[in-house]
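Shared between the two complexes below is chain A, which pairs with chain B and chain C, respectively.
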Partner chain A sequence: MTTTIDDALSSAPTTLSSSAGASSGDIVTLAPRKKRKPWGAAFWLSVVWLIGVIGSTIVANFVGWKKEVDFLGAVTVSEGDWRGSISLAHPLGLNFAGNDILVNLVVGAKNSLIIALFTVVFGFLVGGIAGMVAGYFKGRVDTVLSFITNVLLSLPALLFILLLIAVISGAEDEAGLATGLQSSVMKVSLSLGILSIPTIFRVVRASTIQFSQREFVTAARAMGAKVPRILAGEILPNVAKPMMAFGLVAAGTVMVIEGGLSFLGVGVGAGTDVTAWGKQIQEASQRKDLESAPMVAFIPALALFFTVLAFNFIGDKVRERLEVKQAAL
Partner chain B sequence: MAKYFFRRLLVAIPTLLVVTLLTNAMLSLIPGDPSKVALGTAWTEETGKQYLSDLGLDRPFPVRYFNWLSHAVRLDFGISFYDKGPVLDRITRAFPQSIQLVLMILIMSLLIAVPVGVYSAYRAGSRVDRIIQSACFAALSVPGFVAGLLIILLLGLKLKYGDDKYVFLVDYVPFFKNPFQSVRSLFLPALSVALGQAAGFVRIIRTDMATTLQDDFVLMAKSKGMSDKYILFRHAFRPSSFTLMTVTGIAIGQLLGGLVIVEQLFGLNGIGTEIFRSILQRDYATTLGAVTVVTVVFVLVATVVDMLYGVIDPRVRQARKFG
Partner chain C sequence: MALLEVKDLVTHFKTDRGIVQAVNGVTFNLERGKTLGVVGESGSGKSVLSRSIMNLLPRRGLIRHGEVVFDGKVTSTLNAKESRKLYGPGMAMIFQDPMTSLNPVVKIGRQLTEGLTEHFDVDKKSALLTAEELLRSVGIPEPKRRLDEYPFQLSGGMRQRVVIASALACGPELLFADEPTTALDVTVQKTILNLLASQQRERNMAMILVTHDLGVVAGRTDDIMVMYAGLVVEKASTASLFANMRHPYTEALLRSIPKLSDPSHTRLDSIPGRPPNLISPPVGCRFAPRCMYADTKCHEELPPLIADPYDATHLFRCWKPVNITSRPLVDAASSMGSN
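Presenting the complex of A and B:
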């Protein structure tokens, strides 16, 4: 990333001569044509998987699938007989509560994906802006913000998120017995978003410091650009690229943490009948029937695994393509 | 060295203060009345008020915090709102098991990761290396509870009925009662976490090691006719282990706080379960005590790791002596 100017200069003559035949209206590009590594089959598989998951949730939304709905007629099967419940109507069989596993998967995917999206967007909005401000101004602002970040990071992540969830989703039932948690998609996203702020802050801050010392920032300042203009126009475009890769990996991590929370019974859908992948795994894993039909737990687990893998893989490839050093992340 | 150590500890004090303040504040923000949970059906306006004033919960937040703090520095974390027993007893009951589990996870994951990572760097780019890299990548995408479930079902552990649900109950044997049985009882819980942890370590070791192996001193050692094994472990591993050490230090804290999932899965009553239970039951005194202890351990480990840099790298030692 730091080599673009030199590269452009050194290869300028060849680029110019090779593009000499271009029609007069064309803009002559000085950037060298680099040979790019192909994305690879695994990358496209990941993309196809994610598009499939996202697409199926959108379709399900229009068709109106819900957890309770068997989409090709109701079939009741004795509990624990997972293999026997597989039919054309239920290609992945029924779970222990008699719900279609495929429908469950698709409906659960929506919640898991929405949480991942909201969390990352929220984290980047708050942590990203704070990180850019701290990295650009340094000094006292940076000292204070960095201290807060260090404090938050010295709480183990899972403890912090449990506390956040308790504060945000804590609820009292009619009797005032406050044991229950009611975690909506929004509440879980907000909790996870707050959890992600310190990490995102650190990454964005480091990246901003690196870019704020570059010539183009000094040039913009010399021309009298105001701070918001420099941050948004000069630094953001440069910081955004490595952040894209980081955001993708973060989305995968968010899904894992959310799954863990659901598994503990405090994630999305706790205390309500909303379903999510982690909750499906949890519900299946606490039934005695699990030993006879482990697939009921492992089908949502596999879906979660492949989705997280896809996010990680795409993130990794994007990072490679953008030539971000691993240490910078 | 000792002076440096204490200076580092002094720096950690403000962090700890703010963490405890934050935890206190968050707990008091949780909706719900602790007295209602503790008293259950016996709750009335009167008994509830009595309960809160007994525990000093009716006083303003700053008073409560400084009251708590002045006791906590004397290792008095108050009494549990839940069963009125001392919080310290609950913590000391749960903690040894969790520490043992974390240490077992670390030892197991390092035992797997060091040879695999070193080999992967030694044969960088080979087919074996690529397979190892892919396997690690995949392993890092497996959520911890899924790994635990897989191990449980593959090894055919039997489900038992826990408090209100089926769990895989592991009968923990205290370490000093029977070390062998104790390690055996925690083997599967530790393994289920260690595999994912190892995958992360392998990637770190490989990256650092591959860089070190490009250095001139490795070529020099090679030209002197030393065996590859000797070069890898005696020359190259030590300068490649800095990131690994940092990450291991962070992992201790994260594992200690993250044990709740594996503990719930295997029916263990460690510090993670204690914190989880106390948050749900509004047993704030226990939550505070346990979170504080975990954070103190976390900060202490970070300090010790910082010291260890000097042990591993003579250059750091020299810089500190004159710096």
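Presenting the complex of A and C:
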């Protein structure tokens, strides 16, 4: 170690032993550090929660649980007596319509998740591809695409989505049948997907511009690679990883917005039996009995809350991990 | 016939501040199996020159004329699609920094096989076998394992070997090496340069070695072209250039390399001033503001590229060439012959 002669002379035995201690300490810090931070409890809890939600809704689908069927044949509770409706058969009690809240949750999760998934996938397919093309070619292509997305962004989001849902639903033809898309789940996810295009476009475009200026893109061109190959093989792997984190957080946001749409009467299954978490919260909170049995609204709200939180936690961790890897380069 | 003929190549860029005159009328020929060294400071236009020859520059705001003839075909007028066919088996380039010229998130095996599957009708499996063979030929131990690794798992020198392997993959006739050792350790530089030289000999490939370091090209090139502010200021065979350099800039470049024979604590000569702005270069000789021999004529009139009165292949662009009188010319000529 770097103990000088002066040090050794001034206080001989003690410094020697302490410097020996310090040196062994130094060796510990020199040893290769653990490569990565652990994922952490929050991440694993989130994963477990999401697996539980997804798994249960898949199982429910196979078993054939339906919202409108009280599969255990329980009697309808007197309104407002949520606590009294809790039993072994109904661990989370019954709602105001006499349906099992747990069954409702599990069945509703399917539509909520489908909307989140479809919206993000649709947004990334359209907005992501447009963003990569704009970011790679720049110039006129970029000007046109950026202009379109800027117009979309400048429209008030709420009005825009009401308009989209109306347009997608279509008008009624002479026979009185609606001409547009029938499934409310698809209607909501398509409109939310369209709404998400500009944001995703901007993020992907910025990321693509950053990577297309890197030398490995020139290197690929110098090897004779065609543009689709450069976009898919060189730029996409770089852009995709940060986008994964963004997509996870976006999925959570979409679920919340879907809940909000139910309150506007344009959400999933408005006026039908189709249910989703947003609709369940809305239905319960419209009743005056909410005061006596707030849990009927709170349970789906909590499920939504934990799911969104789980998406955000996982998204955050994924982003953190990728940043570490970027720094190691 | 020469493999590559570059005739009066001009490459300018339109920018918001004006036109950047990066390359101004460069002319040279390169034979098969020969090496040309292009030497100059950063900003002298040497990297732009190689990218311009390869049609790799972004087209927006690009002003380019002159003619590039590769293997008997004019290539300077090709569009992006046509020039793609040129790359790989025709021309290839090794980039300066292996950290940035390899894709950080793509496995080495895929990066090496991309060129092969693009240009030849090979399946993935045999392309991977070729890639393994390539890695072995550039001296990478355990090539099979490396194919499955990412660039960050390799050291800088190993990465540059991978870059070289990927440039050699399609067996190019002409290889551009754009400062291939600048980002590397001094100890690794030599092995990389030797590797390039041996690969060049084996494949009878022509090479353009771009560098800012005269020490790198000494003894490794057949001809040397010294560039300053987008102009060729001196061009000669390597032996002739080192024996009687004519341009004060070449002389200054050589003096700014530390020499082992100098006593320790010798102050290293540096070139005063900075390279000129390429948007509005000096009127006369571009080097005049930094040249210790410059007089009024140098500041007012751009010297033409003229041949040495004693050696027609030695060209320089200077009104006041150095070493003309100080050295007996007969000696220089005979020493050239012996090299």
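In this text, the second predicted complex is superposed on the first by the 273 of 329 C-alpha atoms of A that agree within 3 Å, B and C clash if a C-alpha of one lies under 4 Å from a C-alpha of the other, contacts with A are read in each partner's own complex, and residues count from 1 in each chain.
By definition in this document, a residue touches a chain if its C-beta (ideal position, glycine included) is under 8 Å from a C-beta of that chain, and two chains touch if they have at least 3 such contacts.
Remember, predicted model here, so these are calculated numbers, not experimental data.
Chemist: Putting chain B and chain C on the same copy of chain A, do they fit or clash?
Modeler: Fit: chain B and chain C sit side by side once superposed on chain A.
Chemist: Between chain B (first) and chain C (second), which, if any, makes contact with A:R321: first, second, both or neither?
Modeler: Touch status of A:R321: no partner.
Chemist: Classify the contacts of A:L264 with the two partner chains as first (chain B alone), second (chain C alone), both, or neither.
Modeler: A:L264: touches chain B, not chain C.
Chemist: Of the two partner chains, chain B (first) and chain C (second), which one does A:F313 touch, if any: first, second, both, or neither?
Modeler: first
Chemist: Should A:A220 be classified as contacting the first partner (chain B), the second (chain C), both, or neither?
Modeler: second
Chemist: Which partner, once the models are overlaid, touches more of chain A's residues, chain C or chain B?
Modeler: Here the partner covering more residues of chain A is B.
Chemist: So, A:P156: does it touch chain B (first), chain C (second), both, or neither?
Modeler: Only chain B is touched by A:P156; chain C is not.
Chemist: Nearest approach of chain B to chain C by C-alpha atoms in the superposition, in Å, rounded to an integer.
Modeler: In this superposition, no C-alpha atom of chain B lies closer than 13 Å to one of chain C.
Chemist: Do chain B and chain C land on any of the same chain A residues, and which?
Modeler: The answer is residues 326 of chain A.
Chemist: Taking the complex as given, what residues does chain A use to touch chain B?
Modeler: These residues of chain A touch chain B: 147-148, 150-152, 154-159, 162-164, 166-167, 170-172, 175-179, 181, 252, 256, 259-260, 263-264, 266, 278, 281, 285-288, 290-291, 294, 297-298, 301, 304-305, 308-309, 312-313, 316, 326.
Chemist: What does chain C use to touch chain A in their complex?
Modeler: 51, 54, 56, 60, 84-88, 91-93, 95-97, 99-106, 110, 114-115, 118-119, 151-152, 163, 166-167, 169-170
Chemist: Help me check something: in the complex, which residues belonging to chain B touch chain A?
Modeler: Residues in contact with chain A: 14-15, 18-19, 22-23, 26-27, 29-33, 36-37, 40, 43, 137-138, 140-146, 149-150, 153, 158-159, 161, 165-167, 207, 253-254, 256-258, 260-261, 264-265, 272, 275-276, 279-282, 287, 291, 294-295, 298-299, 302.
Chemist: Using the touch definition from the top, list the residues of chain A that touch chain C in their complex.
Modeler: 138-139, 214-216, 218-226, 229, 233-234, 237-238, 241, 325-326, 328-329
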